[in-house]
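Data block below; observations after.
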């Protein structure tokens, strides 16, 4: 069996998608690439198979044209996006596609995620970009491959380094993340979801009127004082002290 | 030991608070009342004790004036609210106080929960009412007992039957729920939280512009058609079929 | 015992409702239909029985008029909706009714869920429709059966194929989903909830001002640069490297 | 090995961060201080090490200048914030830094959390303050130490007692919480997250139009009556009664 170690890594990354809740049902997939030989080989999850039952032998090996080199199952229906990205981003070694809930909601809203905090900055060098929607011609002309193309086009247009911005939102679809290995790719997919959750709530909080100024908004001081003192004051009545 | 069976029921209701996630830390409490004797006895959780370590013998027995009849631990600091409600609502046999997240958020927003769906209607005969905020005088004059008083005042003012509306939001504080038994009280506390979650999201969805009319909002038909057909059309490419 | 295999399938679909968190308490039910004989038979969950304690023998068998053919327990109180749908939608073999939180919130908001992304498009051919509210006459004239009637009316009015749009929101109530089998019905109920969650958040994000344009909104570049470089730059100080 | 008991306490507080879900990956850290000797010693989590694999011996001991006294691993990259706070707040014995989701969202929105309810009042004597954003000069001049400095500056400016307000939001970053011990610090970090969740939802509910007034908003009375009566009326049809 070719690429035993990479199969293991890809299997583990697929299982991490399920374990971390990044995709319900079989809506996610992970792959890795081996660039050590004359021709790069891609190892990818088979299509529509439950994460729990996957074995290393179920993984499908293809070349960068999507030709199956080893494997009896159909590869993930997103294969052509993976191979396109591996061809155009030679720095990356693993790709993870999820339907994680908040990142997908940003993708559906067709908005890039601005850098609103340091966790974002730790992992993504600038906003997480969103692609253009695919045109009708792009859908007709190989939908899955075109998904890779709109990702690469956005990165080229903004001069982004895929290792510095290890993920993207495909407009109206869902996120892709990547890294130097399948394990790094799934870590980035998980952090992307976390960052998307924070950004969603930050955005909802930001355009509120300046709350603390509104004296009517807080509970009355005589209530908060009473509560604070009954736990902390000299005559505390809470607990068994 | 007095009231062995009721102690068990009250213990179980307290454990349900923790198991259902209705109150973090020790921010919740359940009680029951035995009205079979000459004087009613209340069985209630001790204050500030972790749910996991509670035993039937830890429960505190008091009369309706809050006098301890049996028990070595301090009763819940909310005891006076419980005894007030048992005195004024002779129909009820169990009370559960939680800090469940969405019901508490409605209480903090000082809004009653309108009847927005049939699940609400199955359990609450009309809106879940919110009390008036306590006045400074009420806080000074026995805060915990006054909490019972503002609840009862709201029910009297609106002519509500406590068995038909088995719960309330105390403004700026949190919910109380009750029933014919401690088990029913905790079921009502759980449904109240569920209803509060639904109502929160319904309210956020309601005042949106009429979404489906906005053709720019949905994904393009050529994309949705492509996706639908690749799973369901005659040339489906998804899965292992 | 009639229909042993279908009883098993219906039991499993009911357990999936609980396992996937699609309905708290006993607020959900699954059924299946056997159309192989002269008269179709429906197998459905008994009313108000906890999912954990259900056995195949607890399932109730009725005909399409709701007459009990086999079973000692009362059938689900929603039986008449199920039989109505089986009568009018001869393509379907299983029905699942849930009170899943986000789909129910959309139902309570009386809004259809627009197709905002490809996951939606993979499963639902167009928006997930919402019914008209029931009229007073429809409630009086058999509430549960009328629930089926308003569903079918919406599908007829829009010329929808129930297998292409395998679910609906009943206004002010909750969702119903269906499929060729009970297992497919519960899968569709689960995806409907997932789609409803995504759509809820997409809608909240969509009508924000264009965030990334607001330079004041992001953290300052000197902070994000500092964070990015301390993890990724040549002088990284994070971790044990 | 120095400070065996404090190492245990700090280890347990770090594990609590993970167990309570207050920080994904390794984005959190806990420390404790021993002030019993001539010079105070700080015990802190090593940087970038997974919570699950931590042992007491992995903890790093430093003095208040951040000099390593015992330990072979690099200390948390946030060490200088911890030592700064221990120096300036002599009352505190433990510090916990998390990236808990809602508190971090408030920090990213650069808003203090107003006191909206009694749970807040039980733990925080007034709003949970938010710091100023760091200036470019502060970032250049020791970013981590400056994070401590902006916290202390906010407390001094408002005359706050760190034991009465045992936590803070660092603008654009995340929360810090503290207490008399590492265990108390992690309890405060958890309550801060809980309070942040409640406040987020309260804020979203508050500026809605007065819902219960809108008669069109609730479900029709003939529906709610029907539902209530089918569960509770004399002719109830729900369940097995």
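Labels A, B, C and D are assigned to the chains in the order they are written; within every chain, residues are numbered from 1.
Criterion: a contact is a pair of C-beta atoms (placed from the backbone, for glycine too) under 8 Å apart; a residue touches a chain by one contact, two chains touch by 3 or more.
The structure displayed is predicted, hence computed values, not measured ones.
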More contacts between chains, B-D or C-D: B-D
Chain separated most widely from subunit B, comparing mean CA positions: A
Distance between the centres, which are taken as Cα means, of subunit D and subunit B, whole angstrom: 26
Geometric centre distance via CA averages, subunit D-subunit C, whole Å: 36
Two or more partner chains touched - positions in subunit D: 108, 116-118, 172, 204, 206, 219, 223, 226, 238
Graph class of chain-chain contacts, one of line, ring, star, complete, other: complete
Residue numbers on subunit C that touch subunit B, as the complex places them: 24-25, 27, 99, 101-102, 104-109, 111-112, 114-118, 120-123, 125-127, 164, 172-174, 200, 203-204, 206-207
Residues of subunit C defined as touching subunit D within the complex: 46-49, 73-74, 77, 108, 133-134, 136, 139-140, 143, 172, 219-220, 222-223, 226, 230, 237-240
Residue ranges of subunit B touching subunit C (in the complex, touch as defined): 116-119, 187, 190-191, 194, 197-199, 201-202, 204-206, 208-209, 211-212, 214, 217-219, 223-228, 231-232, 238
